[in-house]
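In the two assemblies presented below, subunit A is common to both, partnered first by subunit B and then by subunit C.
Moving on to the complex of A and B:
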């Protein structure tokens, strides 16, 4: 663990040129565009995956909500693939950067809110007051609901950032501990290595779950506003 | 989560027809009233400040 703990979270450079844009674009290369009726295996698996996810995610939406199908599917594929690629050793994960996650969360959340206010102004305003609220609590609850609305994009972004960053830090720490312990006590190093394996499996699951949670929450905000 | 109210099971009369926490219209009006009150309070404080400075001089 000679390296700085936060070295993997700094902007990646190649010969002095930042390559973060290339890294963000890279996962799209892994998803081929199907242009035939019957495709090769990779494209077929991709199609099956997208159909499976879209069937479940879009079933709650009406016609207006289903116009967001492409956006939501792109979002889950992008975040999922970025998170999974970030588990490769020495790679840079764009979703560990709060700036990037805020850049995804704020426009999507704002889009759903603006859509709600445009098409269902009365219902959108009425959402700030839960049904059946007693009279003395009304002003306080309106303020609380307003704050909770504006917290939504921040929570979306911070949740993804914190989960992925924490997982990577843990892997880094436990991996470093395993290396150091190998010369001191091989048995303890073996236990630490087993913990590292289990943690990596957990991080694989977290990578996919966080992509699903992000997209599901955006989908729910959309459902509330359509 | 609070859902939509068809408004048929609640029969309000008078001011309660427009300000209640059950119908969509009632809830919307309460929300607008709350925001309007906050705005009035802020404007009231902003307009008071120059008067205070003039009286101190």
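Moving on to the complex of A and C:
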């Protein structure tokens, strides 16, 4: 049982060949980009959704920040679709791997910080000390703000990993409990099954919310630095 | 259909002749690289720096892991040797 619990998080292999790259690339074929003025229903719905999200997400940015529109939209689409596909039974979710999430968080965070230091050096350095700090507290607060800056990418990655992994583990556990209880006490199994359904609905929401939170935080770091 | 015949007609390397590779590269440059050139060269410069930093971190972690595994194997071998 213990081994089975974490088996879904190991590198997926097919006949000894790792197919992680294929799994990561797969969601892109679900988002066609036709060159027509009037598209089919799938493309129209996707374009409408992307327009809605991009309008809300980019409304706070200035000209420089809006050059990141492509990156932010790709990010939210990728994380959202990967998380949702991971809710299918027996599927592998790349966003449960800390390596992958760190690989997304560190370059994006570093991109915003480098952009901030290059174009607005004084303002970026001023972020290390909040306004109105009492004089004796300044050294400690600078240290705390530096630590909080360097913890941002780690927090981004760990937040996504922990949320998705925990959700998948819970579904696995409660599903297993439902199966076992069916032979022992069907009424309890029914209650556990209802809990499982509610949990799956929660996980659907968490999948989308985590994608949104990741992208929103990157967008906020960008806004601070542009 | 015509493309398939053309590819099979040219010999060597399973149909991937030099001309076909050049056509693929040209199409890739025209359809992929030209649209994203401005982004990759100007807007995402910080992201390349971040990727370098991440690569450096991964390199350091792998080197440390290799060293610790080698050390462990050495200590195990010396322990067996003593017995």
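We adopt the following convention: the second predicted complex is superposed on the first by the 223 of 226 C-alpha atoms of A that agree within 3 Å, B and C clash if a C-alpha of one lies under 4 Å from a C-alpha of the other, contacts with A are read in each partner's own complex, and residues count from 1 in each chain.
Operating definition for what follows: a residue touches a chain if its C-beta (ideal position, glycine included) is under 8 Å from a C-beta of that chain, and two chains touch if they have at least 3 such contacts.
These numbers come from a predicted model, not from an experiment.
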In the overlay, answer first, second, both or neither for which of subunit B and subunit C A:112 touches.
-> second
Does subunit B (first) or subunit C (second) touch A:70, or do both, or does neither?
-> second
Partner chain in contact with A:127 - subunit B first, subunit C second, else both or neither = first
Examine A:103 and indicate which partner it touches, taking first as subunit B and second as subunit C; both and neither are also allowed.
-> second
Examine A:138 and indicate which partner it touches, taking first as subunit B and second as subunit C; both and neither are also allowed.
-> first
Listed in rising order, the residues of subunit B that touch subunit A in the complex are 1-5, 21-22, 24-25, 27-28, 30-32, 34-35, 37-38
Subunit A residues touching subunit C - in the complex, by the definition given at the top = 67-68, 70-71, 102-103, 106-115, 118
In the complex formed with subunit A, which residues of subunit C make contact?
-> 39, 43-51, 53-54, 57
What residues of subunit A sit close enough to touch subunit B in their complex?
-> 122-123, 125-135, 138-139, 142-143, 224
